[in-house]
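Labels for the chains are A, B, C and D, by order of writing; each one numbers its residues from 1.
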Amino acid sequence: MNPILGELTPFVAVLTPAIASLLILISYKNPNIRETWTILATIVTFTLVFSMVPKILDGETMEFVLFEIIPGIEFAFKVDAFGMIFAITSSSLWILVSLYSIGYMRSLEEHAQTRYYFCFAWAIASALGVAFSKNLITLFVFYEILTICTHPLVAHEESEEALAAGRKYLLYLMTSGSFLLAATMITYVLVGSTDFKAGGILSLDSASEIFLQLLFVCYILGFMKAAYMPFHSWLPTAMIAPTPVSALLHAVAVVKAGVFGVVRIICYIYGIELTSSLGLGIMLAAWVSFTVIVANMLAIGEDNFKRRLAYSTINQLSFIILGVSLLSPMAIMGAMMHITFHGYMKITLFLCAGAIAVVTGKKLVSELSGVGKQMPVTVFAFTIGAVGMSGLPPVAGFIGKWYICLGAVQSAEIFNQPIFLTFILVVIIASILDIIYLLPIVKSAFFENPKEEIENKEFGRRLYFFMLVPLSITAIFSVILFIFPDIFSLIELAEVAVDEIYE
Amino acid sequence: MIEAIFEKFFQHYNFWAAVVIIFIGIYATIAKNNLFKKLLGLNIFQTGIFLFFISLGDIGSLETLGIGDATPPIIWKPAEERGYLYVNPLPHVLILTGIVVAAATTCVALALLIRIHKEYGTLEEDEIIELEAIRGD
Amino acid sequence: MINTVVEQFPALIVTTGVFSAFTILILGLLSRKICYYIVLIVTAFHFILSIFTLQHVLTKGRIHYWFGGWRPPWGIEYVVDELNAYSLIVILFLGLLGIIFAKRSVEKEIEERKLPTFYTVMQLLISGCCGVVVTGDVFNLFVLAEVASLSTYALIAIAGGKALRASYNYLILGSIAICFYLLGIGFLYAVTGTLNMIDMRIILQNLYENKMVHVGFVLVLVGLGIKAAVFPLHTWQPDAYTYAPSAVTLIMSTVVAKTFVYALIRLIFSVFTVNFLELYINAWNLVPWLMGVAIIVASILAYRQNNIKRMLAYSSIVNVAYIVLGISFFNSQWSLSGALVNILNHAVAKGCAFAAVGAIVYKTGIKDVGALAGLANKMPYTSGALLISMLTLIGIPPSAGFVTKFYLAIGCLEMQNYLMLAIILLGTLLTLAYFLRVIEQLYFREGNSTQKEEVPFSMLAPTMFLAILCLAIGIFWLTGIPLEFLKKSITSMGVIFR
Amino acid sequence: MNVKRDIIVDTTSKKMMPIILAFGLYTMIGSKGAGGGFQGGCIIAAAFILHSLIFGFIEGRKKIPESWNTFFKSFGLHLYCGCGLLSIIASNFVAEFLNYSAFWPIANLVGTHEARAMQVELIIEVGIGITVFAAFVSMFYDLAWKDDDELEDEVIK
């Protein structure tokens, strides 16, 4: 199968949600038509994205240059295997989350739904833009749009607390945007280009060692969306947003854009060799290992359901970065796949949390006892997600963790530094901590009796089906991805990407 | 020594006068509290500049610099005694324009002052600011 | 003698402008309604002429126009090159939109019997600004600048009340400024004996060491700096912008401000040259730092404001600081491009913001940020325009403001000035901080009523058009098509890169 | 009004007025050469100002109402600007603004190049003079009139 629109496909794929957003805005008077546009756009986008897979698997890349901004910097789209992974994850999950949104927003009779769908579509457009961008400037443009258009979603509730969360969100992410722009410009001035090239564009000829190290720090600060510590606190705060937002944006699109950027920097701007020779890989690995452990510990103490999941997200994001910073083929492959796996599993968890909140009105972990009797399917799906998070078979999360552990061994061999083996320990400790904070929820939901009479909220039940279907699908997929990890050609794509990097 | 300084000073006395007038004008414009006095200061300032410009046109004043001496066209001198035939008229023309502009500025300023006086009953700046603060937005 | 009709256009724009201004005065005796349409038609006509002018300049080279057939350096010469033509278009275009916007707004804010005078002065203002832009004679620049300034004083004062003192302050400071300028060109005239810019540039080349030239330079710089509201000399500006009638604020913030910024650029680069700055004005190195301070201080001041117009006024100071920062790195092509680009970008974005605020004031009378709550439901289009203009001023890609930031960032890096890059980026965040307050009020707070009440079409249309332009221009700059033009403009300023 | 009038002042100003006006006109167009429009206009304006100083503002306003002033202000400028524009139009957009040699309406009447220029100069001086005179008179009234503008309108009516 060839891409539907040839070279134009990536551009159209980005454009589709953007156009849909305008249609959504126009049909604000009729909610049904408005939601139809959303659903249509999700399906079209996913088809477009998926139609490009075969060509990418052949080892080809697709480029579409829109225009040249200044000599050496183009506004251009380029599809490669790694971008494809991110794009597939975002666009496939968008379908499910849109369905879920309809149920969720209508059950709660939320205000400003048009704004919500408008911003949501733009967020997806920019996430796809990030995935398909050819160079850092294009990436930056979409990165900034992503920040701006998710702010209304975070502050959706319009309460003082939500507005404060919105402010904090912008403070962190715009600051990071500034760092990213600065780093991008410095790169441009150094080497006259910002294109992503497997193997990197920077080299020791372009600047002194210390300068490149500082630039790297600048880049990492620029991708603050990855929510590593100590710059993580915006993410739990942002959990005040409606659940679909937390699910898709703050578990997949936004935060993964940050992780995606880090991978791009390490593999495509610095290149593996330069990163390791500057000693950046091990430094970054140490940094994020700290996050992996501490975020989990914080999650244990957190009572708010969604915030606990947010800490889990922080942990997993850093985990992906850890995989990349190990700099061995296996680890990078694991990290790339884990982007998708984590997306599916985390979304399951969030959707369950949202469904429980809508139906029972419970938002705290301590209140959840006995919910499983009321909503068995939901809690069962939650169990699948939780098992996956902890890296246990038979859920997809195991594969990612397994690859990264293998990668750590491989790195120790390649670089001849046994210290890399300690990161296996980090992975194991993190998994144990995952179990500690996630599985008790399942236990209390299924096996404990409710402390008080369960109040059955009728309005929630009415559209419960809309929510139940997406979360069941994601849960099922989390398992399927373990059994057939190649269902979206994931492994193949990751292999192609890694081959490219290590060519 | 002192004589030399004096000589230098008095050779360019018109420029010095312009400088003094300009500074008096600026001082008044900035330091005075009364809005009308500010306007007067502005006018003095402008006058100083006009004097400066016209002094430029008077080539005779440059005589001591060895450039030569100039004669306004109305005073007749034998040809061999003439340095420059006439005073450079261009600065005068410029200053004529400048005066018109200055007159226009003054006029607008006066009209404004009348309105301000009508509005606040005073032209003292600090009193006006107080009144504004009392009124609010 | 003239070769093609197009070469007449620059002069025609200025002279017919003045001519029509006084026609309005006569016709205003007969009918008050007709005044507006005359201004509108004349300015639209001038705008079309300016487009032809630009086209001519781009294809056939610069225009030299000698008034009365007198050759320079005796006569007054109008010179139009890329930079002039570009500025002329910016000024006339925003003037045109401002006039379209003015109709209803002015009808509400100003007594009817003052309308003919108002439009006369408005027309004079625009003609004066056009004159400043096309003239090639430093003294003529002074006269036309005074025409524009005097009109501005009068237009501000028309609002009455606090505007009177604001206007008077502006008048005093503006007059001091123009006197400094006059004194400065007096010094230059004393050493060169010419008033023509091109002539002066040539003669000055041998006189760079002369102390008179240095003094003249500083005086000219300070004079035009006050007029353009460059940071430490900006004190008149917030009051004037705040208390003037909405339409006047719109025109001042776009047309007048950009005119004097243009004059500053023209004088610095075309009369004094980059060589002069580099070799003899050591203090020039301080200008970027001063502008850095300006960006931060003015942003903080803007954050402290409650009045939304005043907030936008301080934001203008920040943007002028961006422009001056751009021209202070005269060795970097990108930095200068950033300055030139921001002339248009800021004019469009700030014009849109002031138009939207004007519309809000027109409909609701709200002037404070705190009272804006829930306005997005009440006036969705106006609020949308305000939102877009603010995002542009913050510099979100792909809006026009981003391009400014982008070019300036490259410029700073080319000059190896990393701290200045940090300040520019910090400026972005500070801008976000103060505009976020407005955006939150507009979109995330409950208002009293959700009744939809939009302003009349004649006010809404320019606002929306400018909002669309904010994005369109940003994308246009980003396409890289205008790079050639920017390069030409910089060369026409007389900057040569090594 | 019951103000006591001084016969000497009254008579002198009445007799002086035509003389001042004539002098103003002479300054404006009498001399052979450029310049004088501004000064002439000022002098003429002085005559009117003197008149209203002596006989009162209301009297003065009756002599020259504000609408006339407005008309004169514009008309003078139209004369000046019109000359310039005419030279462009008359030469089929070949000559510059105010390029006298291309000024055909006068070219048929007077012979030489210089004389032609002189004639145009005359029109321009008159234009400037009228504008200046009207502007100064209206400035004088605007600044001198203490009451509200609305009141002023009523008085004139």
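Throughout what follows, a contact is a pair of C-beta atoms (placed from the backbone, for glycine too) under 8 Å apart; a residue touches a chain by one contact, two chains touch by 3 or more.
All values reported here derive from a predicted model rather than from experimental measurement.
The fewest steps needed to get from chain A to chain B, moving only between touching chains, is 2. Chain C has its Cα centroid nearest to the centroid of all protein Cα atoms in the structure.
The chain with its C-alpha centre at the largest distance from the centre of chain D is A. Computed from the mean C-alpha positions, the centre of chain B lies at a distance of 27 Å from the centre of chain D. Averaged C-alpha coordinates put the centre of chain A at 79 Å from the centre of chain D.
Averaging C-alpha coordinates per chain places the centre of chain C 36 Å away from that of chain D.
The multi-chain contact residues of chain C, meaning those touching 2 or more other chains, do not exist; every residue touches at most one other chain.
Shared contact sites, meaning residues of chain B that touch two or more other chains, fall at 111.
Every pair of chains meeting the touch criterion is listed here: A-C, B-C, B-D, C-D. Those residues of chain C that touch chain D in the complex are listed here as 1-2, 5, 8, 11-12, 15-16, 18-19, 22-23, 25-26, 28-29, 65-69, 113. Residues 139, 142-143, 146, 150, 153-154, 157, 160-162, 164-165, 167-168, 171-172, 175-176, 179, 182-183, 186, 189-190, 195, 307, 367-368 of chain C are the ones touching chain B in the complex. Looking at the complex, you find that chain B touches chain C at residues 22, 26, 29, 35, 38-39, 42, 45-46, 49, 52-53, 56, 91, 94, 97-98, 101, 104-105, 108-109, 111-113, 115-116, 119, 128-129, 132, 137.
Residues 67-70, 75, 115, 140-141, 144-145, 148, 152, 155, 158, 162-163, 166-167, 170-171, 174-175, 178-179, 181-182, 185-186, 188-189 of chain A touch chain C in their complex. Contact residues on chain B toward chain D in their complex (touch as defined above): 96, 100, 107, 110-111, 114.
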